[in-house]
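Starting off with a structure, shown below.
The first chain written gets the first letter, and so on, giving A, B, C and D; residue counts start at 1 in each chain.
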């Protein structure tokens, strides 16, 4: 039980730290990493929720959510990187 | 008129100008004939339909178009005696104005746009006239604002756009106040239709303060269009519009819609006796009287002919409000009948002003020396209109003035006579010098910008006959005021129904 | 069961655009006809769905045969159908417009898949029945929207849409955390079940409240509620016209829809007047500030973008009124007015943006002060702007007139008269900015004898504006019936 | 009040009800005033159809008015139906026309018949003079003729009117058209006279309007006659007296009269002085309860006003230079006398039969004589060369008219005054007889002064005015002779023989004094010279004008100041507007887009939202809910907040049966 709380609490802390970093640091890459850390925090929480006790099969739903969430996060990060790269190209040219 | 068609008639009357208007937008600019045909078709059709409706209403038949736009919100077009008065006025004058406008805008650009909005404008006016509840009234009132804006801005000059902006700023703000008032009233009463004698009499006393505030909102909203001082600022500014638009603003549609709204609110929403109990009439009367005097004083100082006429409108339209503000059927008759009389007189004056401008390039009073010799028929019409405005019998204006005065006395408000007297003198003060110049001063060597139309008359026929016809209306409305179906008789019919006599 | 699922309009609304997106990706040369085909198909599916719901009442569908606690659920009640219908009609208009808009084949090929994906996400969002599904759709929507917005490739567009993307991600993550908390507390994601659980468990108030705040503030970021609207004007103003239309009219609206759903459906037991009042205050600030900025905007599309900020603000004004109005006709009126204003804004703003795009393509710029001649040359477009503008102001007979009427009525009835001042101020400012544009059409520029006519571009703009002005204003009665269809049971 | 109200909204039913049966001949009463109206169109000689584009006279534009000569003497034809009506229509003819105007009733009673008679004759004479006497001499003849006919129509209309609307309409029409006659010359003095006339006439009309409104309200009828107007309030009577007093030249409302009558062309002066000012009396006879009610206060007031009018007008008139000004003052004095008589009649209703008839006849004879005198001045100036037989005859006739006006024995003046003796004798004022005698002496002196002045006029006929052997002055002289004959026959038609010799004393005295003064004037012209022109025409006006000018000046200054203040205010406002909207908007949201700022706002909003949720954790209390419903608001919906939270009931429903029916 405490492990579950620890895990979930760590997730929340990750979320807050990521948020802080996202807001404070200007470079795009740092922002993206921060966003991913926030996402990781949320996933931690979900994984913690899935825990139903030792030996009991964990709740599959949060797992599914986390998997989907990772996919979404990856694609979003990719798009952000593309846009950032284009912006940087233009800045170099201009 | 079979009963089945009765519910359709009011709606059809609105559509009879709306649909041609929509088609006119699509007419190619150079297709003069098609546009004219559409214009006149709409105008004549509407006239015929209104004729049918007059007869029906006179016989006590009910014409009502009811469309639910949302639960509890109904679009009601209802023909009662008061609405018929206004509908007839705008329909008849619209026909005349259309003819005039066709002549006036002979060679100007953007005619399809102009006539499209022109038709929309009249449709909205008729909608205002036929509105059977406040919601419907507000809707058409706002559409009227929108449809008129392009007409005021039509010339496209910086002054025109400026005038149009000022017009819009005033009327839209007023419209919002009206809207708030209407909504507020609805929260107190629920959906109610206009009913002769008013609907608010039974409201409990603890709500009277709210009702007074609502009245203030409604009056402020309507007062903008009715050009009650200090809400009149837009009217002299929108003088930049072409003459037919000025006629529309001053006689057919806009100003009238405001005044008509005041009549509706006082008589058919609050009820005149209830308004009096709430002390609203005294305020309205004071406002109207002040406007009458102020407008005339301002008119005295104007050299621009149309500006002078505009301030004259400010003054004269408040006669209508004054009639509504005096408790008693006689003053009511005076106010109602002035709705028509002011319309026909002022439209005559504006037509004439347009003729002077188009034919001779005369825009200012100081340039009008001798115009009576150069343009006798126009000036004759102008003289009839001006003398009518002063209140010289037997022209229509006197009839209004008589009933207002008599109504004031019957309501024990003797000061009304003072106001009327002062207004008469001031009207004479700004109209008679014009007539003097026109008829008694010698011709100038050259007109500012003379234009020959190659006709046997002083100007183009489409410009000449409309003012002559409306001037004849002024005379006929006065001379045969006591005859059946005269505006006066109709106003008396309304007053009888309002007061249940 | 499968054939049933495949032909179910509820499913088709989402699968058809997805299919279209796949096809246009696979056959980029035929992107336009395929895209139009997909658009038509999707739209007809949405209309079929609408008819279905109208006839049979609210629908619900569970995919994959799972228990409701677990499954991916779709549901269509009156509110969802109303918004989905609007979104699909607007999207169809945008599709027709877009088919002629992109001259660059590269952009055109990129546009269609992304656009159809966005469409699918939109429909998914309106029709999703569970919280996680909503999250996925929300993310998909945010990503495709940002990608579409950056389609012009200009610096401003890319940087603005990158910001938009980041904002969207932040909002989604916040939302997801809220979902996680809810699942922690109640062990289900189904909207209906969660709602019941929240109503039943007073003990879990703290978690619920935290989840509500995370979800709503995340969505508020995406919905550009003042002062979180900072990203919207540059992003919407720099996107290609059809995309701007979709972003302003639909994408933002989707987030608002979700907020309304959560606030009124899910969290109704724990939301109080104070919180609603707070959101409404932000909305009021949005109305005034957005309108003011629109008035001061120098470019037509920037004006439209700020106008969106203001229009979104109106929707939040309803929350405190709904909070104090007991169920019954007055509440139905308020709800209908809320939806009506959202719908009207959807139609009007898309019409406005499409027309503005046409102006921009013809004039080569969209600086308002220099548009005189263009307005003369494009009478139909100017007319569309005028119609859309009067709907934005809330002039009769537009739908927003009825909406504002009912809003003010509700405000006065519930004693919160101050919203009336906000509404009137907003309307006045709106008329000022709309007529600032329209007055350009009456300048002295010579009227050309030949007008530019481009039916493919003009007709959608005109029709969308016309719907906003005439149809929604004069025949909004069915909306009440539709919104009443949440208790099910059919007609 | 209710009855009046109903009447006013049902005028067709209870306004004018046929007082008598209208015969076909009664329609003549309509023709009486419509005919001159109709004639005004051809008389104006306006050509509406012309080719404005091409035909331009070499010396500039050809005026549309008064260019060609008219084929017929339209102005002279105007009064013919009126004459016919006087001669043929029986007394008491009534023509009710409830559909016309606000309910018209035309009729012919005794007073109206007398008025119609002398008015028509005088208009005829003046019309003939206009049509023939100065043909071609006048520029803008068409305009003059049209206005002349309009004024004529108004005058005749108000005489045959029995309802107050028609009276007022005729009154206004006459008054306004007369303005055009007064300023016809276009000279500076005429314009000034016209301005004074117009302002005062309008003031009078407005006052009369107010009086008539009150009258209609207080009596409930629009057909006033002495029997029905007994319930008038003091205000109404005062307004009626003042309103018509302007027209009657009641001191001090007479200011316009000595200016306007001389300024107008001769025929216009004749009708102005001869008929138009008399309508005031007609109005009073219609609107005041003469004979029905004793009004001692008002009667004495009116009588005193009349006396004051006489007292002022006679001496001021004597010192004038212009014969027409002298005649104008004589008219004022005579109106004063008539006011005195009317006032006395008002005091004693029993005298009404004698008084009313006497006043009407006196008005008639004065109108004819005064018209003759005015026309005579014109004849004296233009008809024939100096020393010709015509001029001698003219001078002789003028002396006769002057004697008649002064009331010498065997003249109409003496006879009509004799008829009114009972009224004067019944007065309470013992000194009245002496005052009347003094007035008679004064009148004689005034007439003597007139003859003195007119005899010295140098006739200057302009042969160029009568080319191509036109009738010239034959017709005008003939018309004038008709007047002369009528005045001469008057005493024998309307007077008892006993009256023929009356009034000899004062006249004799007056003639004697006049002769003495004439002697002095001939021998020692300088002795009397300072008196001539001592008082300018319009007397009191000279005192009032500076006041008005000062008032106007200060008003203009005030307005200018206001205007300046306003424009300054406007400039400031415009500058502020320009400051805001003239500068580019800029991008004020740049700061907002900084991530730390935006993030902080977001976090802050979230936190606040959370706090608010916790602060107001809803508690359902039935008290509140019922409290709201119990608020007594009968007609409105419940409006206070209800904390019982509403919700959209989440509803879970599986696919409707239709889906499952479908075989998979």
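Heads up, the rule we're going with is that a residue touches a chain if its C-beta (ideal position, glycine included) is under 8 Å from a C-beta of that chain, and two chains touch if they have at least 3 such contacts.
Predicted, not measured: the structure shown is a model, and the values here were computed from it.
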For this session: Determine which of the two chain pairs, A-D or A-C, is joined by the larger number of C-beta pairs in contact.
Result: A-C
Exercise. Just curious, how far off is subunit D from subunit A if you go by their C-alpha centres, in Å?
Worked result: 96
For this session: Find the geometric centre of each of subunit A and subunit B from their Cα atoms only, then give the gap between the two centres in Å, rounded to an integer.
Result: 69
Problem set entry | Geometric centre distance via CA averages, subunit C-subunit A, whole Å | 28
For this session: With chain centres taken as the means of their Cα atoms, state the distance from subunit C to subunit D in Å.
Result: 72
Exercise. Which residues does subunit B have that touch at least 2 chains other than itself?
Worked result: 187
Problem set entry | Numbers and ranges of subunit D residues touching at least 2 other chains | 598, 636-637, 639
Exercise. Can you list the residues of subunit C that touch 2 or more other chains?
Worked result: 170, 412-413
For this session: Mind listing each pair of touching chains for me?
Result: A-C, A-D, B-C, B-D, C-D
Problem set entry | subunit A residues touching subunit C - in the complex, by the definition given at the top | 8, 15, 19, 22, 28, 31, 35, 38-39, 41-42, 45-46, 49, 59-62, 65, 68-69, 72, 75-76, 79-80, 83-84, 86-87, 90-91, 94
Seminar exercise, completed: Contacts from subunit A onto subunit D in the complex sit at residues 19, 22-24, 26, 31
Seminar exercise, completed: So, in the complex, the side of subunit D touching subunit C is made of residues 581, 584-585, 588-589, 592-593, 598, 601-602, 605-606, 608-610, 612-618, 625, 636-656, 658-659, 662, 664
For this session: Report the residues of subunit D in contact with subunit A in the complex, numbered from low to high.
Result: 595-596, 598-600, 603
Exercise. Can you name the residues of subunit C that touch subunit A in the complex?
Worked result: 69-70, 132, 135-136, 139-140, 142-143, 146-147, 150, 153, 155, 158-159, 161-162, 165-166, 169-170, 172-173, 176-177, 179-181, 183-184, 187, 189
